[in-house]
Amino acid sequence: MAGNTFGEVFKITTFGESHGAAVGVIVDGVTPNVEIDEAYIQKQMDRRKPGQSSVTSPRKEYDVVQIQSGIFEGKTTGTPLFVVLYNKDMKPEAYNDIQHSFRPGHADYTFLQKYGIRDHRGSGRASGRETAARVAGGAIARKLLERRGVEVLAYTQEVGGIKCQTFDEDVIEQNAVRACDAKAGAEMIKKIEHLASIGDSCGGIVECRIRGVIPGLGEPVFDKLDAELAKAMLSIGAVKGIEFGAGFEAASMLGSEHNDAMNKDGFLSNHSGGIIGGISTGEEIIFRISVKPTSSISVTQQTINTNGEEVEIKTEGRHDPCICPRIVPVVEAMACLVLEDLYKRQAAIFG
Amino acid sequence: MAGNTFGEVFKITTFGESHGAAVGVIVDGVTPNVEIDEAYIQKQMDRRKPGQSSVTSPRKEYDVVQIQSGIFEGKTTGTPLFVVLYNKDMKPEAYNDIQHSFRPGHADYTFLQKYGIRDHRGSGRASGRETAARVAGGAIARKLLERRGVEVLAYTQEVGGIKCQTFDEDVIEQNAVRACDAKAGAEMIKKIEHLASIGDSCGGIVECRIRGVIPGLGEPVFDKLDAELAKAMLSIGAVKGIEFGAGFEAASMLGSEHNDAMNKDGFLSNHSGGIIGGISTGEEIIFRISVKPTSSISVTQQTINTNGEEVEIKTEGRHDPCICPRIVPVVEAMACLVLEDLYKRQAAIFG
Amino acid sequence: MAGNTFGEVFKITTFGESHGAAVGVIVDGVTPNVEIDEAYIQKQMDRRKPGQSSVTSPRKEYDVVQIQSGIFEGKTTGTPLFVVLYNKDMKPEAYNDIQHSFRPGHADYTFLQKYGIRDHRGSGRASGRETAARVAGGAIARKLLERRGVEVLAYTQEVGGIKCQTFDEDVIEQNAVRACDAKAGAEMIKKIEHLASIGDSCGGIVECRIRGVIPGLGEPVFDKLDAELAKAMLSIGAVKGIEFGAGFEAASMLGSEHNDAMNKDGFLSNHSGGIIGGISTGEEIIFRISVKPTSSISVTQQTINTNGEEVEIKTEGRHDPCICPRIVPVVEAMACLVLEDLYKRQAAIFG
Amino acid sequence: MAGNTFGEVFKITTFGESHGAAVGVIVDGVTPNVEIDEAYIQKQMDRRKPGQSSVTSPRKEYDVVQIQSGIFEGKTTGTPLFVVLYNKDMKPEAYNDIQHSFRPGHADYTFLQKYGIRDHRGSGRASGRETAARVAGGAIARKLLERRGVEVLAYTQEVGGIKCQTFDEDVIEQNAVRACDAKAGAEMIKKIEHLASIGDSCGGIVECRIRGVIPGLGEPVFDKLDAELAKAMLSIGAVKGIEFGAGFEAASMLGSEHNDAMNKDGFLSNHSGGIIGGISTGEEIIFRISVKPTSSISVTQQTINTNGEEVEIKTEGRHDPCICPRIVPVVEAMACLVLEDLYKRQAAIFG
């Protein structure tokens, strides 16, 4: 109800504020007898952590994961896994100046309107720090999906108006923005560094490809595969849109162009993005999300304070000028959570 | 689990195939003591029904709603409402030729892959006919939202590449495509009639504006208002993408442009689309969806049959060359369901 | 939330008032490709219907089931089944005298307190008529359990202080009270007929045995097999208690007596009732429920009316002097729903 | 699905094994702006902890609670509370001898059958240690219920065949078995000490009274107040039965005896136990549970090992000879969880 649980069978419940003691996740519905260790999860955490490069925040969150239940002698037992990351390097006093003002683009105003109280320190629960728990839970889903032969791969497709022209899987983890085109990636980095130098930020587009999914995944009529992925992605703070396959292009196509014809080897095109009628076709699943520019900028902006008075604000601090490279592992994590859950839901109906 | 229920507090569960006896909906969690009658629901059904104009399917579904429980002396009792529409004008034999072939763009292939069996008659449960139950349930949500002063308005923004240039609320229900620009609407109708004459179809963009929502709606971190709306919209068969506020444009904006500044009268812009941090700001909520071209076309297409043999197919029958005008009331219905549910979820937490 | 849905994977949602147009059920999560027909469901409905014998209400509800979706050519398709029973033989005017008074033992007072409105005709949604939809849904679960080799058998164990002394499975459906001891059953019938003649009623105990369940069913820590069965049984209107295995006797046993020892052939006793730690052991599952005397009696009783004034009331009408024989199929239906759901939940976790 | 979450709006999700690093709970759906501190929770933990008296296990679990999220400046923020208890005084090697044998009455056998793997150390997740997380979550519900004027009071009513003859609220927390009759309590203690001396154990009956609940709580038809309480209580490991009001006595009463008549001051009796039609009447809610004798005894018992060979077993270690006094706070915690959740569900429907 309160929305801190995601999934139906393979289910995560998260907690934790940016400057609280810890962020963590209980993962329920985990297949028993599967080998999982902290190092496997840590690898995904390291892809999300700040301070990785010149284009990410210099904060050090020391995202060291600990598994505190659900594992016995290196294997899952079928009982809930608890994975926790204790917070360190917290500087709550750095946020004193924003305690009584609403930063534009931030959830300061809406959280206060909703709950009548807010933990302003580092945005509290509205902080991107919250996604660390998603990545931890998603790593466990990823482990289970590996056994099914499913691969989930996200990458930056566009930043600040600069688009990738090629798709080269091998370069993604080799450049600081996680672009799929090394040349475009280099330009993106320059652009981000420039924006950082003037205290501004920019958005971008992240694309995700999923391979190896059986045909048949997704639960019509409401819990379609694309519907579940859309919810998962829009639940990430900075995401403002999603499209599957031909996406918004489909709006100006003819039926005779858009329909994916088949021959005995399979589909002849993939305008559907691997999903028809809310069910996977067996083709590559492909979607793109729009990522808004980071709200925290040190440019002076106009806003109001909690007394309703007009004030100016300038968010100092250690922020990412472009969130795309760090959102990539979060997108993958959320996609893994959706897929593993739907595999188990499919098993339930036939079980 | 199987995905035929939508919502958590205000909750609908639907059933029904295109050529079965009926489609219907159980609506649970309805506020007691509210006046609701069949005429109110019927009005929404009539906006969705086929045969309204030259640009919709000539089928006659006789969508006459009946409320069979949950009402006593004209008022809701707090027990579940059951609303049913008996099917008529069914011609299942019209589908005999597609019984053993997979129509491109249709869910024929994926349903068979998923369930190992499929009701091919008029696409069975994958038919757009299923959305009639959503509109019936959504009408009840709309009634409850009226009492809150919330208005939900969807309309066609683009069809076959023709875009609306103005926004005139009054013309929407006056033109057959439900465009918000009468002149563009007239061009769209011509384009659709032409495509119909050559057996092809086209897609479009539907926009939705929601007014009167309190600030504070939406349940972070996973059940954000935009996440729930995205799921709702992508659960509609033909929808391939959604964007909120600046949407995909946000990807190429700077933070200093995108952030919505505030003064004492409120927000100075609405790039966020009325939602920040997954919670309503109190501004107009605005989103757009991409609608794919109707899959059913009478152009000859290449496909395979259930034996895996290559065949050609040409879908005859009574189909909509562009689904936008009839998807408009479905979009509104789904938005109403999301909003009424989130209002009740908000009440639960404080209750 | 509003409580008209039962189950997580195999899930029923019901609607309908005693004197409304119909009662019905949507069954979601049904295994595809299973043969089910109306006759199979009807057989269970006939065991629940009134007018079966001298000890049940003479009302005729004409419980004729119709399946209106989810079946294609005699087999389930994986889409929701809708099963409906249209109401007939309604005499709402028979309830005019109780419109403004609260019948002792009935939910008249509590429904009005809860919802602020009530459909008084035949108790509306609080009527035992509501259980018809459960029996319809339970019949579908029973069909699926047959394929697993699971049998669910309930019967009357005690009525009005008269206890069964033997357990003879073959006589259960041969006597009007569904007692497991023909001799005790004959005495029970006499007692019930006498109470009916003086306008009073009595309670009893119904026992249920479940055979053929695999070891391993049940979801600790909260959704234990006994916890789910307890909820299911207490959700039936007249039930006031439940006990498993040794039950309330366990309270006065020693650990050395109660613990079920094992040898290589299995358990040496079954004080646990086939459930340990909330998980099935593979032994027979056995529980008993306490059924209160029917509230509707024609003895004069003291009560108040909706104005808070003291009045006398005497409930005329067509009521069961003892509900045990008709509650037996409802107990079986609810047990089937719990079991099929837990089988599918077990499959989900490993799936 | 996997059953580690309880509640719908006010919802707890727990994790933790007896000899793992910690047990803990995420509490979601907490009313914002309520003062809660660790001391309030600790008080309930101390009532549950072992080592309180001569009749409880001498283990020291050091149940020191820490709240690690969801609180800001002493008040709830509406975001999830995380409450954790780190385990100490663990002696996993004490369980080496039972690693390969199934202790009679324990969940050793069923857990292995279900999951194919088990953490045998101190029963792993099947340990009573798991209920510490319930008491922590229940304390938060209790805090919210205090604001509503609701009181939940459980106590031992019977132990080893010795029954309380009086009900004296003031003595409950003054005697080591938490009996409501000081004299009976003293006899119970003697009996338990004797059984402990010979390595055996006994069961008992715990009763619970709930006062101050508004009329109208409970969600028919499936989520009735008594159905939800029954599930909650049967989800506690040692509980084998529950009865409300007249309970199993109702089975031998006449309708004219059992029906609770009313006059203008309210109900004239309370055979219903404060619940009619699954909804609270406003009277005291009263139920009793049957608690089985502790399974862990040092009497020699017959069992099998994981190879299916017959062996003898004798459970040494630090166990409670009667679990009643320590189950009392768990019963209260579960009742609080059910009530707070149903209050919020009621608010949702009208909200």
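A, B, C and D are the chain letters, set down in written order, and residue numbers restart from 1 in every chain.
Here is the rule we go by: a contact is a pair of C-beta atoms (placed from the backbone, for glycine too) under 8 Å apart; a residue touches a chain by one contact, two chains touch by 3 or more.
Everything numeric in this text was worked out from a predicted model, so none of it was measured.
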{"item": "Remotest chain, chain B as reference, centres from CA atoms", "value": "D"}
{"item": "Equivalent of C-D within the choices A-D, A-C or A-B, defined by over half of its residue contact pairs recurring", "value": "A-B"}
{"item": "Gap in Å, rounded to a whole number, between the CA centres of chain D and chain B", "value": "46"}
{"item": "Centroid spacing, where centroids are CA-atom means, of chain B and chain C in whole angstrom", "value": "39"}
{"item": "Touching two or more other chains - residue numbers and ranges from chain D", "value": "1-2, 4-5, 8-9, 14, 29-30, 32, 78-79, 114-115, 125, 220, 344-346, 348-349"}
{"item": "Chain D residues within the chain A interface of the complex", "value": "1-2, 4-5, 8-9, 11, 13-17, 20-24, 26, 28-30, 32-33, 66, 68-70, 72, 75-82, 114-119, 124-125, 344, 348"}
{"item": "In the complex with chain B, residue positions of chain D that touch it", "value": "1, 8-9, 29-32, 78-79, 220, 343-351"}
{"item": "Residue ranges of chain C in contact with chain D within the complex", "value": "1-6, 8-9, 14, 102, 104-107, 109-111, 113-115, 125-126, 130, 158, 160-161, 195, 200-205, 214-224, 226-235, 237, 240-264, 268, 272-273, 276-282, 290-297, 299, 301-304, 308-310, 345-346, 348-349"}
